[in-house]
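Before we start, here is the structure in question, set down as structure tokens.
Chain naming follows the written order as A, B, C, D, E and F, and within any one chain the residues start at number 1.
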């Protein structure tokens, strides 16, 4: 018995293994949809309940700082990819959009970790998550195409703002806030008690999906592998810095670090595919799904937790 | 065939990325297509395997029955718009239809 | 925090909003099937358990009255649609069949409301629900086609009686009755504890579906809109009357009123499509799904509850 | 109220009835996949947790005996089918592979029965289950084809060992063992509390599937019907014998008897279809699904339980 | 084609409402069709969009390979039975088949 | 058709048991097929009804656009390998394609 290992991480490993071995294991897309819908609503509702309990303070400056963080990370990624990776403009912009944006699956795992460790976090974090999804995508398109006349900004905004994740997170947040802790009690068995089990199934599926993209590894060479492995901890440090500026608690700091470290594999790919079609979608997806996601799940989150704890326990 | 279905039309089949569905439908409707059928598919082509059971890399199969000029128009426009950057394949066949009025 | 709002209603609103905004949110059909299967079984089993606890009395007269109620409502709807709406025979009959029949989703929401309010109801209600589904459909076909030779009654009866909802409700009822409260305990976590969460997911989907049909609104003009909005409270009053005749408790009265007020959007559409093909299916579905269902969920049920309470607390 | 009937069996009956009546009830394949994934993981994890609590002793000899049991049962079935049933070589081998292998659905029902009865069992049983799946399939192929040059053994081994059930059972076992009872607590609501409810849904679906295969009954005549009905209790006795050799507890004995009595309807059909294509797949499936599975669920398991109890309570 | 698949048959494709599946299958089997293939589809036509992810308004795509007389019979019968009130579209193509005995 | 899609190819459609998918794909890729499209289907044929909503008895529908020699090769090989014991049906049609280089 390996005490200390969180079993949900093992589900990811199981999926990865099954995928690599090309085993006959696959979850139907309908289940993936169901499971991710439940997770998004649950994360949103958790935030909403807390918001109903203790109204957020200093929200406006936090939101502004979050936007700034998204912009900063995207620019940073873009310049590294251009200067060191020698990627062409379109591909650099597309990959940067992925890394400036966030992964909700990674966030869910971090939330589960905090739950196990009994560490609280600010109820506004799901809101910051939503906000952090957006600037990177818009910036990525701008970096790829410049400010052209033909860009269908309306369509792009619609796609990003009305994407499944934004909608369910914000919807859950509002529902949680409106119904409050007591009103949501009858929904707790599905959304809260099953949360970690559902997350385990989600991670099993993510393992299978990540395995599908492992092949891309070789093709895109050493630079992209290194990039996908080193960006997370670096960006996590920047996230911790911003968390300090916002005065977040330990839990909030760990979550913001995780968000910064994570790379989008749902919203960003869809937006880049339609707005920057000349970028190779396999390049970003391989990096985000096959390297950065596993790294964050297996090593990153515990690492960020340790660093944040160490930093915040320092006498200031 | 005798009598019944003697009007000739073209059947244009398009296989492409499922994430293009909304855009492509808007496009062909703008070109004047009034009827089409879509089903889900997977496959392999120049752009590699598109068979993941995940939205990102699955295909759709679009069928359009219409007259020759419209088929050519759609073919040209889709080629211009999607050929360079997207996984897409198209082919055209002859079909006989009942009720030619339904197929422009 | 808006205390007093039941969060499941907010899920419907979220789905409706997402649908109206044409957001990229849709639950796979498989999930809709799963969720509605669970709800139907759970409602049936709840009834069955109660039946095992306290055997029903006066069942035969209740069933006869229920049949009568179904016939009365269908005739009423038909004559209003013909006389005031000037609909042709086939369409009037088809819409009447929808409104004479019942909506199980609406019933589930009413059950959840009673649960929250702590109001008990007779265990026979799921049985009445099943019974109320049937006469309206047969009558609708008769009204549309008269007593023709070619009508495939055998096929129609089979379709109605062996429809998913009848089968799962009755199946659940028998299972609940046979196994009893103790025997069903191990199944409670899935069927009873998750009930309201599952219902929330169901309503999210219903919101999306309703939004799809909102477009029909404009097309079918003012009369159908008014009809779909005014029939529910009127029929609810008739339902309350019948409940009094049966001597139902407060909970039973609210549920029967809700059933009378609700319009079928599963069994009736399928039956009408095959038996009365000349009727426009979009007409009935728009009314039942896009207007009557939301009305009952958002306004109707609390209203019927208040009226029933007020009536039954009157000194007689 | 029929006390004593386990409600999950009624779900099977409901599905069977609906299928026979050709009712409009069907669970989407995605739900079947989801539900069976949850069951496999749960069974594995239960075993793993127990293994973490009390390490297995005498495992090697148990595994060897299990292999022997699988081989013995397959040979027995083959000779009966050849000698008494006069089946051709390919068909006899294919059916024998089904009956030498095991049914995980049947095992899950037996686990649920033991849970209700409060009877414990050895944590190694899921391991024996996995092991018992395999020799029958390989032997079936050998019996059908002899030791031919062209047989794609590599491919066959891959298919069997990397099949969904082996992977999820072993994966669950390792996860359960690595995380231990405390680590798995947050996953318990999904995997353990819902177990019986999920099993009920699974059995509803199995009833529908079994009904689909009832038609084969007539076609394959009296011999196959008798075979499918008599083999389970006979093989169960052999299973009890092997359990005594292994020194299993009462619970373990019942489970091993059930495994021996059960016939595979997932792994074996897939393997036989690709390796012994000349065998008629409907023959084995009808026997395994439409006769042996219901027999074991409805009559077999309680019977084996009674016999095992009676045997083990005898003064030795 | 040379040698292999030289027997000619008709391929009749029918797109219609999925709720008609049971009825339509019974119908064509009664007409003598011994083989057919069905898949799920969505689409748009005269009867509007049929793309809801809900049973009520999705389509099926039925393919029947058979000889010309049977194809005409099926075409006529389906037209008589469904054209007036249901969303339905049909087209016919030439195909070459192996094993002509399988396709009447 | 004029101008646009004037290159002729064959469209080979195969309907067979879904459990053969992996094997069949390996087979046709080995024969030189570089592009194909697969969708899920159900149906009836000589081997009975294949419409269970369960993996055991559902079908796939495979489409391959290629030149005549390759189509004949695939047809021959699939016939040899699967005709005797599996539920399988194949037919061939003429199609016009853009970008003939994509279809060997």
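The working rule: a contact is a pair of C-beta atoms (placed from the backbone, for glycine too) under 8 Å apart; a residue touches a chain by one contact, two chains touch by 3 or more.
All figures in this text were calculated on a predicted structure; none of them were measured in a lab.
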Quiz prompt | Most distant chain from chain D by Cα centroid | solution = B
Exercise. Report which of C-E and B-F is connected by more C-beta pairs in contact.
Key: B-F
Practice problem: Tell me, please, which chain's centre (mean of its C-alpha atoms) is farthest from the centre of chain C? | Solution: F
Self-check item: Geometric centre distance via CA averages, chain F-chain A, whole Å
Solution: 41
Self-check item: Between chain A and chain E, centroid-to-centroid distance (C-alpha), Å
Solution: 47
Self-check item: Computed distance of Cα centres, chain B from chain A, in Å
Solution: 36
Quiz item: In chain A, which residues are in touch with two or more of the other chains?
Solution: 27-30, 34, 189, 194
Quiz item: Of all the residues in chain B, which ones touch at least 2 other chains?
Solution: 39-40, 93-94
Exercise. By the touch definition up top, name every chain pair that qualifies.
Key: A-B, A-C, A-D, B-E, B-F, C-D, C-E, D-F, E-F
Exercise. Would you mind writing out the residues of chain C in touch with chain E in their complex?
Key: 26-29, 32, 209, 212, 269-270, 273-274, 277-278, 281-282, 285
Self-check item: Contacting residues of chain F [partner chain E, same complex]
Solution: 10, 15, 39-46, 51, 59, 61, 68, 71-72, 75-76, 79, 83, 89-94
Quiz item: What residues on chain C touch chain D, complex-wise?
Solution: 28-31, 33-34, 37-38, 52, 159, 162-164, 167-168, 171, 174-175, 177-180, 182-184, 186-191, 194
Quiz item: What does chain D use to touch chain C in their complex?
Solution: 1-3, 5-8, 10-11, 14, 17-18, 21-25, 27-31, 34, 112, 115-116, 189, 193-194, 196-198, 200-201
Quiz prompt | Complex contact set, residues of chain B against chain E | solution = 1-5, 9, 11, 25, 29, 34-40, 65, 93-99, 102
